[in-house]
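Structures given as C-alpha cells follow.
Common to both upcoming complexes is chain A, partnered first by chain B, then by chain C.
Presenting the complex of A and B:
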C-alpha cells in the first residue's frame, strides 16, 4: 500500500510541481507572488474543454491552442495590469493578481456555471503493473511528461542565453539593464512563459480531473505548500516540494483519513512557515538595510 | 471640537437613529447589512490600509466571530453580552496567532499562511459537525439584551449602530494615539521605525489583534442578522467582498471604509442571481481602483480638498 500511495502521490505531485515552478520563475524575475496562477491553470483546462466540446478539435490541437493562448494572455496581463503599477507599492501588485484571480474565476463561472465537468481520458492503454504497484495510464503520462519537461526546462535555464538573462534579472534588475537586457520586455515574456507552464499542467491534468471554477484555488494552495516546503524562490525546491506534497497528501489520505487530503497542504504551510520558514532546501535570508 | 462641529455630529447621530421609523423591511435589512460590513471594513482596513500587511485571514476572523456567537448562544445558552464578548476574544486571539508570521522577514509569508488558515477553518466548520452542524448550517437563536428582546431587523439596527459607532470611536482614537502613529511609521519604513525606538513586532501584533476583535464582532452581527450560518458563507467570495470594500472605499481611511461598505452592500441583488457576475464586477472595480485611483473613493473626495485632514491620518 505504501508504494502504491507514493506512486499516486508522485502523479498528483507532478502537477503541483509544474504550477509551483511557473509561480517560482515569475517570482524570481518580477518579485511578484502571483495569486492568480491557480486560475491561469483553471482557465487553461476550461479552454481545452471548450475547444474539445464545442469545436471537436483533436486533443493535441486543443493543447497547442491552450499553450499559445496562455502565453499571449500572460503577456497581456503584464502589459495591461502589472506594468502600470511598476512604481506602486508591492501590496498593490499582489492585490492586482488577487483581483485577476477573481476575474478569471468569475468569468469561467459566468460562461460555464458552477457545475463540475469532466473530459474523457486522453489515453486508454492498460494500467502498468510493477510488482504489486499499479500505475494508472494517465498518471504514467503525467509523470513521464513532467520529467521530460523538467529536464528541458533546467537545461534551458542553465545553458541557453535565455536562462542566463533570467538569472541576471533575478540577481538585479538594475544590473541586468546595465548590461543591455531589456528588463521590461523580459519580465513580460516571463509572464507569458509562467502562464504557459500553468497551461502545461492543465493539459496533463484536464482529462483525469474534475473541472470547476474553484479548482484553481485548490491547486494554488498546494503550489504554495510546495514552494514553502522546498524553499520559497528556489526552482529545484518548487519541484521537489510539489512532488513531496503530492506524496504527503496521499499518505495522509491512505493512513489517516481521506478528509486529511484536503488539509494536508494547509497544515504543511502553517507548520513550515512557523518552524522553518526557509523550507527544506532554501537558505535562511539575511536582510541588510 | 468646535461648537459647529459638535452640532454637526449631533445632527448626524439623530439622522442615523431615525431610518427604522421610515424604511420598509427590505431596506432595513440592507441597512443592517451595511452596518455589518462597515464593521468588517474598519477591522480589515487597520491591517491592510494602516499596517500595510497583505493578509487573507479576514473571512476567517469573520467566520470565527459568527460561529463563536452562534455556539455560545445556541449550545451553551450564554446571555448575549457574554456571547458577543466571547466572539471578540476568539477573534482577537486568532488575530494574535496569524500575526506571528507577519514578524518574519518576508511579507508574502503572511499572505500565504493566512490563506491556508482561512481554508483550514472552513474545513473545520464542515467537519466539526458535532459543534457546527457542518454543511447544513447552524441556527442562531433570537437574543435579548438585559431583558429587552432584540428580534427584528429594526431593533437590530440600533444595536448594530451602537456597536459600529463604538468601534469607529475606538478605532479612530487608537489610530490617533501613539500606537496609530507607530503603525503608520512601521508601514512606511520598518527599519527607520525601529531605529526611532518603536517595536515593529509589537505594533503589528497589536494591529492584527484589534483587527481580529473588530471583524469577529462584525461576524457575530452577521450571524444575528442572517439567523443561520453555514461554512460556505466564509470562503473566498466573502473575502473578495471585504477586499473590495476596503480598496474601493480607500486604503487607510476609516471614512472610506464606511463609503465602501455603503457602495458595495447596496449593489443590486441582481448580481447575486447570475453566477460569476458578482465576482466579475467586483474584480473589475478592484482593478480599476488599483490602476486609476489608488486611494479609493475617499482619496477622490480628499482630492477635492473638502476635508483632507479628516479623511486621512497620514
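Presenting the complex of A and C:
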C-alpha cells in the first residue's frame, strides 16, 4: 500500500504542481498572486468539453484551441483588468483576481449549469502494473509533462534573454523600462503564458477529474499550499511542493485517517509559515539598507 | 375618524327635531343606528380579506407568492436542478390557469449549499419578498440550520430534497419532508446488502458533513442491530478529486458490500478509482446519485452492473412513465441536461398544489398546513412511493426502489413499500 500511495501521491501532486507552476510564473514577473488561476484551469477544461461535445472537434484540436484561447484570454485580462490597476495597492490586484474567479465560475455555471460532467480519457492505454503498484497512463503523462514544463521554464528563466528580462521586470519595473524592456507588453505576455499553463493543466488533468464550475477552487488551494511549501516564486519549489503535498495527502489518508486528506494542506501551510516562512526552496528576501 | 365627525355634527339638529316630535326622533335614532351598523358590516366585509392578508402575507387576489431556495451554485449545484423542477411545476400550473384564479408568483434564491447563505436567502424570502410559503432546500446542513427559525415563524415549508431524518424528527408543525429520509435509506441499504448471499462484510464511505453523518450514523446503528460493525469506515470530502487512499483501505478490508453516502461528484470519482485499483465490490449509492449520470461519467459503463442506487422516482428517466415530468422540466429549462434530482422535489410540489386546492379560495397558512396534515397516500405520479402526512408524522415518503444496470438497462431489483423497521 505504501508504494501505491507514494506513486498515486506523485500523480496527484503533479496536478497541484502544474497549477502551482502557472501561478509561480506569473508571480515571479508581476508579483501578483492570481486567485483566478484555478478558474482558468476550469475554463480550459470546459472549453475542451464544449469543443468535443458540441462541435465534435478531435481532442488534439480542442486542446490546441484551449491553449490559444487561454493565451489570448490571459492577455486580455492583463490589458483590461490588471493594467488599469497598475499603480493600485497589491490588495486591489488580488481582489480583482478574486472577482475574476467568481465571474468565470458564474459564467461557466450560466452556460453549462452546475452538473458534474466528464471528459473522455486522452489515452486508452491500460494502466501499467509494476508488482502490486498500478500506474495510470494518464498519471504518467501528467508527471512527465510537469517535469518537461519545469525543465522548459527553468531553462528559459536561467539561460535565455527572456529570463533575464523577467528578472529585471521583477526587480524593478522602472529600471527594466529604462533599459528598453517594454514592461507592459512583457507582463501582458506573461499573463498569457500563465493562462496557457493553466490550459495545459486542463488538457492533462480534466479527463482524470470531473468537470464542474467549482473544480478549480480546491486545486487552487492545494497549489497555494504547494507554493508555500516549495517557496513562493521558485519554479522548482512549486513543483517539489506540489508533489510533496500529493504524497503527504495520500500517506495521511492511507495511514492516519481519510479525514486527514483535506486538512493536510492547511497543516502544511501553518507548519511551513511557522518553521520556514520562505519555504523549502525559497530564499529569504535580503534588502540592502 | 371622519365617521365620528359626520355623526356628531348633526346631533343638535336631531335633538331639535326630537323636541318637535318624540316618535319621529326615536325612529330617526333607530334608522341612524341601523345605518351605522350596516356601514360597519360593509366596512368589515370589505376589509376582511386585507385583514387576513396582513395575518398571512403572500396572498393577493391574483397571486400566491412561493419562495424556492436551493443550491444553484457551488459544489452541490447539481442539486439545484431540484429547485428548477419545483419552479417548472408551478409554471406549468400557471399555464393551466393557476389555483382559484391565482397564479403562483415564484421567488427563487440561491443557497450555494452554504448554511450562512441559506439563512440569508430564506430571511430575504420571508421578510422582504413576504412569501406565503416556502418550497425547496436541498442541502441538509442548510435546512437543519433553518429549522428552528422556520418552526418559530410557522410558515409552511415543503422540503425539496434534504433527506436528513432530523428535518422531520422531532416534528415541527409547519415543516414537511416528502422524500425518503437518510435513516430510512440507511435501513433499506443495510437490509439490501445483508440480503445478499455470502459473507456479511459491510464497508462505508461517506462525507464528513451533516448530510454525510445523517446517512452514515444510522447505517452504523443498523449494522449494530445485526451485531455487525463496518469492516472499513472511510471519509471522502465533497470536493475530492482523488479517492486512492479510500479505495486502498476499502480493498484491504475485503468488504462484501460498500455503502456510499456521497454526492454525485465524489461518487463518480470513487467509482473511477475503484475501477482503476480493481475494487470490484458491489456499491450502493444514495438517492442523491443520478444513476444515469454516474453511468455517463464512468470510462467503462459496464462497471455500473455492480452499482445499486436507491431510486426515488416512479420510473427511470427516459421511460414513458416519466415522459410527462421530463416534458414539463424541459419546457422551462430547455438547456439543462436533466438528472434524477431534477424530479425529486416535484412530488412535494404536487403535494403543495393539492393542499392549496384543498385550502380553498381564501388560503391561509393554517389552512394549508391542515390540508397537508390530511394528505394520505397521495400519489404524486413522479415519486416511487406515495406521500402521507399526519399531524404526528411529517416524513411523508416511506418507500422506494433499489435499481441497477443489467445488460446496460436500468432494472428495479427491489421495491420497498415501507422502509425496513
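Heads up, the rule we're going with is that the second predicted complex is superposed on the first by the 282 of 289 C-alpha atoms of A that agree within 3 Å, B and C clash if a C-alpha of one lies under 4 Å from a C-alpha of the other, contacts with A are read in each partner's own complex, and residues count from 1 in each chain.
Methods note: a residue touches a chain if its C-beta (ideal position, glycine included) is under 8 Å from a C-beta of that chain, and two chains touch if they have at least 3 such contacts.
Note that this is a predicted model, so its numbers are computed, not measured.
**Q** Looking at the combined model built on chain A, do chain B and chain C fit side by side or clash?
**A** clash
**Q** Which partner chains sit in contact with A:224 here, chain B, chain C, both or neither? Use first/second/both/neither.
**A** A:224: touches chain B, not chain C.
**Q** Touch check for A:85: first (chain B), second (chain C), both, or neither?
**A** The first partner, chain B, only.
**Q** Between chain B (first) and chain C (second), which, if any, makes contact with A:209: first, second, both or neither?
**A** Touch partner of A:209: chain C, not chain B.
**Q** First (chain B), second (chain C), both or neither: which does A:75 touch?
**A** neither
**Q** On the A-aligned overlay, A:33 touches which partner chain: chain B = first, chain C = second, or both, or neither?
**A** Only chain B; A:33 stays clear of chain C.
**Q** After superposition on the shared chain, which partner residues are touched by A:266: those of chain B (first), chain C (second), both, or neither?
**A** first
**Q** What is the contact status of A:118 with respect to chain B (first) and chain C (second): first, second, both, or neither?
**A** Touch partner of A:118: chain C, not chain B.
**Q** Is A:258 in contact with chain B, with chain C, with both, or with neither (first, second, both, neither)?
**A** second
**Q** Check the residue A:94 against both partner chains and state whether it touches chain B (first), chain C (second), both, or neither.
**A** first
**Q** Among the options 3-11, 111-119 or 237-245, identify the stretch of chain C whose C-alpha atoms clash with chain B after superposing on A.
**A** The segment of chain C occupying space taken by chain B is 111-119.
**Q** For chain A, what residues appear in both contact lists, the one with chain B and the one with chain C?
**A** Chain A residues touching both partners: 105-106, 109, 113-114, 213-214, 217, 259, 262.
**Q** Show which residues of chain A lie in contact with chain C when the two form their complex.
**A** On the chain A side, the touching residues are 1, 4-5, 8, 12, 15, 105-106, 109, 113-118, 120-121, 127, 134, 136, 208-210, 212-215, 217-219, 249-250, 252-254, 257-259, 261-262.
**Q** Can you list the residues on chain B that touch chain A in the complex?
**A** The touching residues are 48, 52, 54, 100-101, 104-109, 111-113, 115-117, 119-120, 123, 127, 191, 236, 240, 243, 247, 274-280, 282-284, 286-287, 290-291, 294.
**Q** Help me check something: in the complex, which residues belonging to chain C touch chain A?
**A** 71-78, 80-81, 208, 234-237, 239-242, 244-246, 248-249, 252, 264-265, 268-269, 276-278, 293, 296-297, 299, 335-337, 339
**Q** Taking the touch rule as given, give the residues of chain A at its contact with chain B in the complex, in rising order.
**A** The touching residues are 33, 35, 81, 84-85, 88-92, 94-96, 98-100, 102-103, 105-111, 113-114, 213-214, 217, 221, 224-225, 228, 232, 259, 262-263, 265-267, 269-270, 273-274, 277, 285, 287, 289.
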